[in-house]
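In the two complexes below, subunit A is the common chain; its partner is subunit B in one and subunit C in the other.
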Partner chain A sequence: MIQVLARYIALFTITLIVLCAMSFSLAYLFPGDVLENLTGITPQNAFQRDAIARQLGLDQNYFVQFYYYLVRLLDGDWGYSAASGLPLLEEIQIALPATIELSTYAMFMAILVGVPLGYYAGIKCYSTTDYTLNSLSITTYSFPVFWFALVLILLFSLQLDVAPISGRLSLLFDVAPVTGFILIDILLADNVDHGLAIKDALSHLFLPTVAIGAITTAAMIRITRRSVIDVMQRPYIAAARSRGLSSWQIFFRHVVRNALLPILPLMAIQITTLITNAMIVETLFSWPGIGNWLLQAIYQQDYPALRVGMLAVSTLVIMLTIIVDLFNRLIDPSRDRFERGTI
Partner chain B sequence: MRGKLAVICMGFLLVSGCGRNTDHPFYASGIVYCSESNPITFNPQLDTSTTTADATSHQIYDKLLVFDPDSGQIMPSLASSWLVSDDGLTYTFQLRKDVQFHTTAYFTPSRNFNANDVIFSIDRWRLDSHPYHNVSGGQYPYFDSIGLADNIKEIERINGYRIEITLKRKDSSFLANLATDFSVILSEEYGNELLNRGVPHQLDIKPIGTGPYIFQEYRKDRFIRYAQHKAHWRQEDSAEVLIFDITPRSSLRLAKLITQECDATAFPAQSELDVIRTNDKLTLAEKPGLNIGFWAFNTQKAPFNNPDVRRALAAAIDKNTLLEAVYFDSATRAKTLLPTASWAYQNDADDTAYNPVLARRLLSDAGIPPDFSMTIWAMPVKRAYNPNANKMAELIQRYLQDVGINAQIVTYDWLTFRRRLRSGEHDSVLIGWSADNGDPDNFYRPLLSCGAIPSGTNRAMWCNNDYDRLLDEAIETNDIDERRAIYQQVNRLLFEQQPLVPIAHAYRYQAYHNGLNGMSINPFGGVKFGGVSKAQ
Partner chain C sequence: MAQFSLYEEEFHPSPWHRTWAAFRASHIAFIGLVLLGCFVTFSIFAPLLAPYSHLEQNIDGLLIAPSWQSSGSITHFFGTDALGRDLFSRIIYGCRTTLGAGFITVVLALLVGVSIGTIAGMLSGVRSSIVNHLLDALMAIPTLLIAIIIVAILGTGLVNSMWAITLALIPQFVHNTRSFVRNEMKKQYILASRLDGASHWQIFVHSILPNMTEMLVVQGSLALSIAVIDVSALGFLNLGAQAPVPELGAILAEGLDVAYMAPWNVALPGITIFLMVLSINIVGDGLRSALRKRVTH
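Now for the complex of A and B:
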């Protein structure tokens, strides 16, 4: 196990270094001054410029420069936003949790709704219920998320008026961003009516979560259904049936856990799609997450922000993928111990 | 079947559980205003944009004088009364007592407002030697564009609550200038404290004023938060919290207004007005605005330095089509710089007519080659005076094609756009002006006088000595008829020279929820939330 863990850590480190190298090279590939792309600071005079260049090691070869770049990244010196002048690490620390929060709730929704429905469809396979669920999930899965979110806004916000369309919380609540997760921040704030604020935050969460979650839910239904059908055709199910177990007993003793195993790795793939969808939907709901933040950075040609934004998002995705994969390996002893780390 | 029913019921419960409960009294305690952009600074002395004025002038600050929004008359504010000497050169102001400055986390005032604060605020833009003059750039676009600093001889403190301002020349627009959005009163005590701490630039970032709302927090592209100034001298019924929700997209502002996420919104698009009119929960207030949208030529660049070329371009476009297509008839055609609401409006002023034949002849006479190409800069933001500069630029592009000119449309984000415009990189630009006071001088001087070129409000970069002399003559007299006659000469000169083509005077609109009490359109500049509150 330790060997497997070591492999994963090595894989993670190498991927991270490659990503850092890509992010570093962006400073050279983007238009404009390399020094400004790396720091977000516009030097006021030649003296200041020389001092910064020396600090970055710009007078030395690319490898030394890259080394300095890594050191600064680890130190938390990510440079400054060219548009707002604020430290980028601080900005990302506020934006990234907002995206993670949204994705987490959407994932929960997908698991809580998608997996049970998938089991149900799998057990009742090739019945009317199954066909209905299956066609519904295929339809939902094929919705473009942008369009789907707009339809939700049109229906629930503008027609039915049950949910607001923008932001995470009514601006009337003065909640300071501490963790970046809105529900936790509300509980930490002491100057608001917690019940009212949580209710307000949930009403803001409702539409974006459904918009992102619905598509992943549809995927979950299909994955689970397939897996259940596969398990149901195994000889040990026939054996259990011949032993006289009731269908409920068969389901809980043999189907649930065995069907879950193939689902987990597929779930890891869904996480990437989920986060991408979250970033798209954020812009529609003015959700102050990383997707919205990156889009603003593109509009404002804020190259330092784009450079670290790309690094932060890809690191998050890789980290999640590796963690799920590792978890999967922990609960599934049937997988080859010496299999190499895979993403 | 029962199971399915239960699932459906659960779904409805979930939706209704998440449903909104905006009836809670908490939501009536504050006002959310959907504004269109980020303010550039929190001191309106430093910037003439409407966005900055909206976010600061009437919220954080008070001025010596204010305009009555209905009659346009000058009314007392921090100056409780004033006296003008017989020679028209000396103005004496009696100041209001017991006016408190804001107490915030970053500043606690130890004294009330007095004459020192007025002198500090005026001297900041007036005197080059003032310690704050060069803080935050040292540019005071409004005051620079009208050359007010040069005309003030001295400001004298008579006593703690009385000051005397002496002018060098008579200026009948002086009081009106003190009532504009830019003539705000800052705190001298706060200024000195920041100077001692070595961070003077904070004066314009973390503002302190005497206005009805206290600045609390600003997050770029997100919001500005204000709290009620409970000890405001004008005991008005203001909201406890005021929030500017920065929403650049007009359609989103309208959507938020409908879903009650905003109580009021800035600049509804012309195409959206009918949606607001037909919604019973919303009020659409309208007033003829004191503004002008125009097409200015960069007269310092050849061939636009030739008046014949400018006249040709003016004759090449059909203003009426532009009015219909861009303003949806919510504007009046502009003949001169002055809108109909101004007392100096000239009904029989000369106006250009659509005449492509004349345009082509003038162009070929001026030696413009048939494949000549030029740029039209279209401002990226929506303004009352030009709700869709890009569309207007496209229409003009087509008209110019008919007379053999290739036009390219250029646009940048608002800050870059203004910076490049100021350095004169454009051939022509579609932009405009919202007046800050009702005086005609407030249109003519900032827009086309020589002094307004460096301050960046003279988009035509046009400098004409006759024009400047006429403007000076006009403000030296207090006789309305005499002034009106001079402005008619000015109009004639502008028609001959055509440094810019006046296009439209737009109506001003404001959309808000019926539950908002005390909301009104201020034709003289920025939006005002003092005295506005929400019905419970």
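Now for the complex of A and C:
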């Protein structure tokens, strides 16, 4: 147990250092001046330039430079955005939680809707209900997310007028970002009507969450269904049936928990898809998240922002993946390390 | 092995024949195959099938409605876009770009992924462990992020976005090949050929590869649907194919400017991408269940 934990911590640290090295090398790979890519500051004269270069260790070899880079990352000195001139750490602290919030709700939707439906389809396998659910999920799964979001906007915002088309909260509410999560921030703010503000925030959240969540839900249904069908064919189910247990007893005692085991590692793969989809959908709904921020950065050629944005997003995704992996290993030690289930 | 009448049958179907029979038994899978066949035909014979050139602009016919609307005309089946280009021709060429780009990325990723995966599967110990862990980490980085970085370094363009998608697809091929090879290496027939003195390369070519092709076809079909969605998503975000190139996502993004006046410019490319991905998914799904049926029976 402690050995496994140590292994994963070592893995995480090594991956993090590799990512930092990649982010550092981007300063050299991106077009433009290395110094500007690293800091986001355009030096006014040669004197200032020398001073900054000495501070970054640019006169020494790459390893020393990388060491200085790591120290600055840990100090929270991530450089300044070339487009807005603001400190990048602050910008990311506002943008990243917005994406996490959106993805969390979409994941909740996928788990709350997808897993039960998957169980249902799995138990009723090869029946009409199963075929209907399966075709529905494969259809939803095939939607390109950007087009699906556009259709939702067209339907709910323009035709039915039940949800706002873009943004995160009506400008009437003045909520200061404290945690970055809009619903928590509203509860923390004391100068707004909480009920109205939450209602407004939820109406803004509705469409992007559905757009991202629907695709993950479809994937979840397929994963769960497959897993349930596999479990139902095991000998212990036949044994339970021959002992005379009712199908409900078999389901609750033997199927539910065993079917969950292969779902978890596949969920780890879904996290990546989910965040990619969230980043795309953000641009359509002008959601102030990290995807929107990164795309703005690339349109404006804001290289310092891309350098740390890449680091922040990949760290987040890899951290989540490793945590799910570790959790999976702890609850199911019998599983081979490299084994993954199929859909 | 419950092969009851195996030796009494007149005709002994090969594994591929049996997979094909199981595949054809599912009507939905077959319809998906026909649909995919249409898209492949569109892609290969685009210059013959398209009524107009994909770049030909017609100043007199801007934003003509599709032919099934009362204001539309049959000369332009899907209508025209804001520059007077025939949408039907653009979509046919778009299928060619999107499906072709997706196919090339999948083949590249498959070649690289299978090579690395086989090496990682045959090796053991520290080297294998490093490859595994680094790849698992790489697998987690979203495609869009890789694409953004590659675009920032090399500039926008269809080819650059294809590099990004290839990079993002490689890890899953490596992962599957590795676990497959590891499992096969434990089996007796590999041991037998090893006792015969076969080298690693001979074991791979003569014993493992023939067993792996089916797994690779299924994986490839899954990867193709991801690749098509990614190519069009990057085109849509203006990071992939640039303006005059007929790429379905880029056509959709161009149509967004005139979405109120000419909604078909957004709807039709979107439906095309959707149907293309759907047909690939259905075929992949059908193949997988056909293989599963063959293996379990």
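Assume the second predicted complex is superposed on the first by the 335 of 343 C-alpha atoms of A that agree within 3 Å, B and C clash if a C-alpha of one lies under 4 Å from a C-alpha of the other, contacts with A are read in each partner's own complex, and residues count from 1 in each chain.
The rule we apply is simple: contacts are C-beta pairs under 8 Å (C-beta built on N, C-alpha and C of every residue); 3 or more make two chains touch, one makes a residue touch a chain.
The structure displayed is predicted, hence computed values, not measured ones.
Aligning the two structures on subunit A places subunit B and subunit C side by side, free of any clash.
Of the two partner chains, subunit B is the only one that A:L172 touches; subunit C does not reach it. When the shared chain is aligned, subunit B comes close enough to touch A:D161, but subunit C does not.
Shared-chain residue A:P288: touches subunit B; no touch with subunit C.
Contacts of A:L11 after superposition: subunit C is touched, whereas subunit B is not reached.
Once the two structures are superposed, subunit B and subunit C can be ranked by residues of subunit A touched, with C on top.
Per the superposed model, the minimal spacing between any CA atom of subunit B and any CA atom of subunit C is 7 Å.
On subunit A, the surface patch touched by subunit B in one complex and by subunit C in the other comprises residues 299. In the complex of the two chains, the subunit B residues touching subunit A come out as 15-21, 24, 26-27, 29-30, 32, 216, 220-223, 225, 241, 243, 245, 247, 252, 255-256, 258-261, 413. Taken in their complex, subunit A has these residues touching subunit B: 83-84, 153, 156-158, 161-167, 170-172, 174, 193, 196, 199-200, 202-203, 205-206, 286, 288, 296, 299-300. If you check the complex, the residues on subunit C that touch subunit A are 28, 132-134, 136-137, 139-145, 148-149, 151-153, 175, 178-179, 182, 225, 229, 232-233, 236-239, 249, 252, 256, 259, 263, 266, 270, 273-274, 277-278, 281-282, 285, 288. Looking at the complex, you find that subunit A touches subunit C at residues 11, 14-15, 18, 26, 29-31, 135, 138-139, 141-147, 150-151, 154, 268-269, 271-273, 275-276, 279-280, 283, 291, 294-295, 298-299, 301, 303, 306, 310, 313-314, 317-318, 320-321, 325, 338-340, 342.
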